[in-house]
Amino acid sequence: MRIQTEPPTSPADYPFSHSIRVRFAETDAMGIVHHAAYLPYLEAARVEYLRAIDRPYTVLRESGIDLAVIEAHVRYIRPLRFDDVVEVHVVMSASTRASLQMSYLLTANGQRVATAVTAHACVDPEGRPTRMPTWLAALSVLSDEQVSSRSVRPVGDNQQSAS
Amino acid sequence: MRIQTEPPTSPADYPFSHSIRVRFAETDAMGIVHHAAYLPYLEAARVEYLRAIDRPYTVLRESGIDLAVIEAHVRYIRPLRFDDVVEVHVVMSASTRASLQMSYLLTANGQRVATAVTAHACVDPEGRPTRMPTWLAALSVLSDEQVSSRSVRPVGDNQQSAS
Amino acid sequence: MRIQTEPPTSPADYPFSHSIRVRFAETDAMGIVHHAAYLPYLEAARVEYLRAIDRPYTVLRESGIDLAVIEAHVRYIRPLRFDDVVEVHVVMSASTRASLQMSYLLTANGQRVATAVTAHACVDPEGRPTRMPTWLAALSVLSDEQVSSRSVRPVGDNQQSAS
Amino acid sequence: MRIQTEPPTSPADYPFSHSIRVRFAETDAMGIVHHAAYLPYLEAARVEYLRAIDRPYTVLRESGIDLAVIEAHVRYIRPLRFDDVVEVHVVMSASTRASLQMSYLLTANGQRVATAVTAHACVDPEGRPTRMPTWLAALSVLSDEQVSSRSVRPVGDNQQSAS
C-alpha cells in the first residue's frame, strides 16, 4: 500500500520549480549534502508552490489544517555540494478525500540529482485525520489540470487521481 | 527499479535495536518530530548496529569506504513527540556486490511509529562507486544468517516481501 | 547587558553531565561537527539535568511554561568528529525571577572541546514572559546549593567569574 | 578573552543583507524558529556577503582555507515563525592576522529579532590554524573601509581592528 508514483524525470513535466542554494550547514563529512537535508528542500518547494498558486500554506494552517507527511521516498542520483543551486521541481501527482501526493525532480548544474515523492494527510491541530477542505480539493483539481495540460500521466499501482 | 523491500513489522524480526531520546530541536510547529529528523535516527541505528557486531563504521571510513545513501523510504505511522524514547530496530535486508539495503522498524510507548528502508552504495572518498570490501560482504552474510535464524527471508532488489 | 558568565573549566565544578554520541548527520564538509549542532547538545543536557533532579522539562511544559532561549554563547576550542562521545557538563549558574542562566563544559577524549552559556526566560504557551513558577525557583536554589557544595560561586548577570 | 563586540542595532550600519524565508523544518514545538536554526542563517548571510563582494567562499575553500567558527553569540529578541522573511544584515567588525569577527542584525516584519557575533579562525584542510591569505586580509580592509564610510564604530574591550 506504499506510494508507487514514479516522479516524472523531465523538468517540462512539472508546473513549478523553486531554487535553493545549498548551505554549508547541510553538508556532511563526505563533503556532500547530507541525505536528510533533502526533505526540507522538498518542503520548501511545496510551500512556494502553494504560494505561487495563491494558496499559501500559512492560510491552510490558520484554518486549522496541517498536511502531515505520512510517507516519503527519495532517490539520490548525484551528490549536491556546498553552494550548488538546486532546482526543486514539484507537481501534485495524486489526491484523495483526505490525502495527497506530491512528486519532485531535483536538478543542479543541468543534471538530475534526485527524485522524490511525499504523501500527506490532512490533520487538525491535534493531529487527527480530517477531511481535505473544499479549497484544497479544488487545488488538487487545478493541479491535475495543469499537469494534464502538460501531458504528464500519473503512474504507479496505487495511484488515485483526483479526476 | 526502486527499493521494494517491505520492512518486517515485528520487533522480533530484527537482530538489533537502538534507543534514541527525542530532542526538542527535532520537533516542529505541529508539536511533533519533524519528518526529516527520522533519517538521522536511522543513521544512528545503522552506526550502532555495525558497532554491535564489531564492525564500526569509523573503521570502514578509515579504510576509504563510505556507504552513500542512494535511496530512502519512510512510512510515518504515529507521531513522535518531545522526550519520547524511540526504539529503532534495524536489519540488513539485502546486499549485492556494491550495494546493500537496511530495513527499520521504529517503536515508542509500545506502538509502531514508523517503518523505513535505506539503500546504500559503497563509494570511495571521491564519491565514486567502489566494490564492497571483503569484510563488509562477510558482514552481509553474517547479517543474513542472523536474520534467517529469526525466520526472516531477505528479499531481492525488486521483490515484494514474501509474507 | 549580555551574559558575561564565564563557564567553569573543570568538570568537577559541574553537578551533572550527559553523554552524547556525535551523529554523522551533525558533521559538515570540513569533516567536523558543524557549529550549529552544539546548541541541540546543550539543550539535551539541560533536559537530562532537569530529569536527573526529578523536575522533567515535560512537566514544566505541561504546566504551561517554556524556557525560551534569549541568549546563547559558545566558544569552540577543539573540533568534534563523527562518532566522538562528548560529555556535556551543565550547571545552573544564575537565576532571577523570570530568567535563568546555564553554563556548560563539553569534553571529549579527555580534552575540553567547548564551553557555553545559555540564558532563558520563562514564557507561557503564547510566548509571553511569565513569572518563574515556585518549584522552578526552588530548583534554582537547589542547584545553587549543589554548586556551592562544590565551591563554585554562581555569578550575577553581568559579573565576571571570580577565578 | 571572549568576543565583546556589540553588533550595531541599525540596518543602516550594515553594508549588506541577505533575505531568508523561514522553513517549517526550522520551527519547534514552541511554534517558533528553534534557536539553533539561527546559526545557519548567519552562515548563509556570510556566504552571500562574500559572494556580493566578489570573494566567494567556495574560492577560499578551493585555495585550502576554511573559516572555522571559534565563537558564536546570539541574542534572541523576538521570535521568528514559519514563513517569516528574515533579513540578515552582516558586517565584518574586526580582523587580526589569523582571525576575524562578523556582526549581524536580524530583522523581520520591520522589527529587530536578533543580533549576533561570530568569530572565525583561518584553518587549513586538516583544521590547523593558518595565516589569513593576502586577498582575505585585503577583504578585511575593504570591509573596514565600507564600515567606516558608514560611521560604524567597532566597540568592545577586546576588539582588534585591522587598521
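In this document, chain identifiers A, B, C and D correspond to the written order of the chains, with residue numbering beginning at 1 in each.
In this section, a contact is a pair of C-beta atoms (placed from the backbone, for glycine too) under 8 Å apart; a residue touches a chain by one contact, two chains touch by 3 or more.
Remember, predicted model here, so these are calculated numbers, not experimental data.
Visitor: For chain C versus chain D, which are copies of one sequence, does the interface use mostly the same residue numbers on each side, meaning over half shared, or is it different?
Guide: Both copies, chain C as well as chain D, present the same residues to each other, with over half of the numbers appearing on both sides.
Visitor: A-D versus A-C: which interface comes out with more C-beta contact pairs?
Guide: Between the two chain pairs, A-D has more contacting C-beta pairs.
Visitor: Quick one: chain A and chain C, Cα centre-to-centre, how many Å?
Guide: 38
Visitor: Please report how many Å separate the Cα centroid of chain C from that of chain D, as a whole number.
Guide: Distance between chain centres: 24 Å.
Visitor: Report the inter-centroid distance (CA atoms only) between chain A and chain D in whole Å.
Guide: Their C-alpha centroids are separated by 32 Å.
Visitor: For chain C, what residues touch not just one other chain but two or more?
Guide: As it turns out, chain C has residues touching two or more other chains at 24-25, 31-32, 36, 39-40, 43, 82.
Visitor: Going by the contact rule set out above, which residues of chain D touch chain C in the complex?
Guide: Listed in rising order, the residues are 2, 30-32, 35-37, 39-40, 43, 66, 68-76, 79, 123, 127.
Visitor: For the complex, give me every residue of chain D touching chain B.
Guide: 24-25, 27-29, 31-32, 34, 36, 81-82
Visitor: Which residues of chain A touch chain D once you look at their complex with the stated criterion?
Guide: 21, 23-26, 39-40, 43-44, 47, 56-58, 61, 82-83
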